[in-house]
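We call the chains A, B, C and D, going by the order they appear; numbering starts again at 1 in every chain.
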Amino acid sequence: MNTTGYDPNITALLVIDPYNDFISEGGKLWDRLKGVAEANDCIPHMMAVLAAARNARLRVFYALHRRYRPGDYETWKYIAPVQKAAWSRKTFEHGTWGGEIRREFVPQPGDVVAREHWCSSGFANTDLDLLLKRHGIQRLIVIGLIAHTCVEATIRFAAELGYDVTMVKDATADYSEEAMQAALDINIPNYASAVVTTSAVVESINPVSK
Amino acid sequence: MNTTGYDPNITALLVIDPYNDFISEGGKLWDRLKGVAEANDCIPHMMAVLAAARNARLRVFYALHRRYRPGDYETWKYIAPVQKAAWSRKTFEHGTWGGEIRREFVPQPGDVVAREHWCSSGFANTDLDLLLKRHGIQRLIVIGLIAHTCVEATIRFAAELGYDVTMVKDATADYSEEAMQAALDINIPNYASAVVTTSAVVESINPVSK
Amino acid sequence: MNTTGYDPNITALLVIDPYNDFISEGGKLWDRLKGVAEANDCIPHMMAVLAAARNARLRVFYALHRRYRPGDYETWKYIAPVQKAAWSRKTFEHGTWGGEIRREFVPQPGDVVAREHWCSSGFANTDLDLLLKRHGIQRLIVIGLIAHTCVEATIRFAAELGYDVTMVKDATADYSEEAMQAALDINIPNYASAVVTTSAVVESINPVSK
Amino acid sequence: MNTTGYDPNITALLVIDPYNDFISEGGKLWDRLKGVAEANDCIPHMMAVLAAARNARLRVFYALHRRYRPGDYETWKYIAPVQKAAWSRKTFEHGTWGGEIRREFVPQPGDVVAREHWCSSGFANTDLDLLLKRHGIQRLIVIGLIAHTCVEATIRFAAELGYDVTMVKDATADYSEEAMQAALDINIPNYASAVVTTSAVVESINPVSK
């Protein structure tokens, strides 16, 4: 499989959960992510990949976690621990700054924003698969947060559903190096056909930019 | 299978697309639906089933069609005819009265509103299946619009996904008697384990009301 | 949308349930299908479309109903009427002639046979969507049985999932003209972007054959 | 949530990939799994949970990986690395001993065996979700192989789809302690509402056995 060179007719950039609560100073989870994020230059790398994708006219898709709203979980008979945590923290609370997308990553006209996901996978219980198909997309370049939850989940689902995936390993972050390695070194390489750096993927997307 | 007697722990009422554009005087499609809807006493029947369900503490779920927003379809490579029609008519336009739920059917606290669906099935590309499971629901009583598109599609998907379905045949409507019969007489009886009248289902839900 | 001219890189022929029980003399349901099937020249048309697809190197996919096996339904808490009928008739019984594919339609090397479906849609609870994606397929030409159940269900799901669909209206059959019309005239035109004759689709697939 | 005490009406045991190739002496992957499997007493624990479940009349479901067959992948446009590995090793080859279930875990009458899965999740592209619903199952107790691929994937999907999950942490195994910990300590606790030992789950299933 040719992983250098991404045909814009069938390739999209998928940006996962670039919320203020995750990646902005003052966000509810920034203090837990900051160490790995800064060591990885996560935010500049996410910006670089996004810019390269826009420059190459790759369509940009967003997979966004459910913004917390009162009443979301009170009536559920069963709830997964990751959802219980989101509930107790009111992560990405709807109508608050923490539930807004960090300024540099706000969707632009022509971008496609899938329905919010309730758990970790951007595909589960959303219209992401439909919207990718309706745009003829077969390959995904993935950036965003958090490596071992939403990013890994979305990549696992993408592979199960039949998409070809490239993961940009320095355009993500996690709560700890251990969790980051679990995602990037142990799990994602089974499902993504390429796990690459920002500079490599930018070069592949925009070969003439050299 | 016992279709009289609905255990509220595992049964929900599912209300499909009770938008002003469909069932209110002045709605974009009311003129096309009016004949069958009035002959069927569709709206009073929908109100009666909803009241009976609330009285019996059956949880109420809503399956709602995508409210039209500018930019919805311009970039799609493929589009189904039913979506092309929704696009050209701007059906259920977001932010307009036509895209609001008819007054008597507005969701109440404790009701569960699934994400909007893009085509006809309330299950496809939405969180309806998840939210039903998270509330322990295994059986659905279905009312709403339109019989041969969203209602039939949602019932077909419900059966494919493993739910037991009761269709209330006089709490729906359609563009023509022929389309109504295609749904109620030819197709839905293959997928719904019961196709009943409002009076029968109300009696089953609230047996003591006799 | 260009419906004449099917790019073999993204288009497949989907053949639905060409079992002996449906379309061979002596099959369990042939007597019920015979009238419409013969009036429609269903079998010669299915053969013509299949031959044209193979000639044009369109990949051929099969969506096949569950072959009945003892124990299939005994433990189910809920069962749809269409499944109860399959159970009582032992339709497409595994290991019998009725559960074999009619001779002219037996899959060839390179064809892709999806897992059997339990209800009517070739997509529900199967790997059909995955296998289409893994072959880069975005458009489907559909032939097979029965118009108002498995064919309509599969087309409805295809549209919901994002595929572009062409239905070949004289390469199918049904239990009655009324059921056939419900499928071909009322429902399928909402979901298939083209509903065409065998001669039209053969001409589109093999334009040089003119 | 009450994790001790499992109502057999809504709880099932899910056994994942107990193939000879994984957990029998001589299996293709046994040498890679042996170290962790033996340190964890994986096989005796799997047997103990299975026996307890049968004794308590919990229904037993099987999620089984695609048995390799020639022609499986040759025509795929895209393939995930985990599938490429299965292809090159011919893991669980159909018709061979390695593709058979280890003797102690062979399905019994009344057990439910879902269609084979192509990648890692027992839910993706299979009928597992349908068959669970058709039996009224809402909660899963999970045992089997391999922790960080099929087990973790199936648990992630189960949570996304709305099931309550209990993972039996000493009834699984992996290629390395590091991969095992990535699954059991980092990822699965986000999605399974309980991660317990065999002795704890056996006691919960059969409280009177004390």
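Annotations for the structure displayed:
Throughout what follows, a contact is a pair of C-beta atoms (placed from the backbone, for glycine too) under 8 Å apart; a residue touches a chain by one contact, two chains touch by 3 or more.
Here the structure is a predicted model, which means the values were calculated and not measured.
With A-D and A-C as the two chain pairs, more C-beta contacts join A-D. Among the other chains, the CA centroid farthest from that of subunit A is the one of C.
In this assembly, the C-alpha centroid of subunit C lies 34 Å from the C-alpha centroid of subunit D.
Distance between subunit A and subunit D, defined via averaged C-alpha coordinates, is recorded as 28 Å.
As a whole-number value, the distance joining the C-alpha centres of subunit A and subunit C reads 38 Å. Residues of subunit A in contact with at least two other chains: 77-79, 118, 124-125, 129-130, 133-134, 136, 138, 160-163. The touch graph of these protein chains is complete, with an edge between every pair of chains. Across the complex, subunit A is touched by residues 129-134, 136, 138, 160-163 of subunit C. Against subunit A, the residues of subunit B that register as touching in their complex are 59, 71, 75-79, 109-110, 112, 115-116, 118, 124-127, 129-130, 133-136. On the subunit B side of its complex with subunit C, the touching residues are 1, 77-82, 118-121, 124-125, 138-139, 148-149, 152-153, 156-157, 159-165, 178-179, 181-182, 186-187, 189-193.
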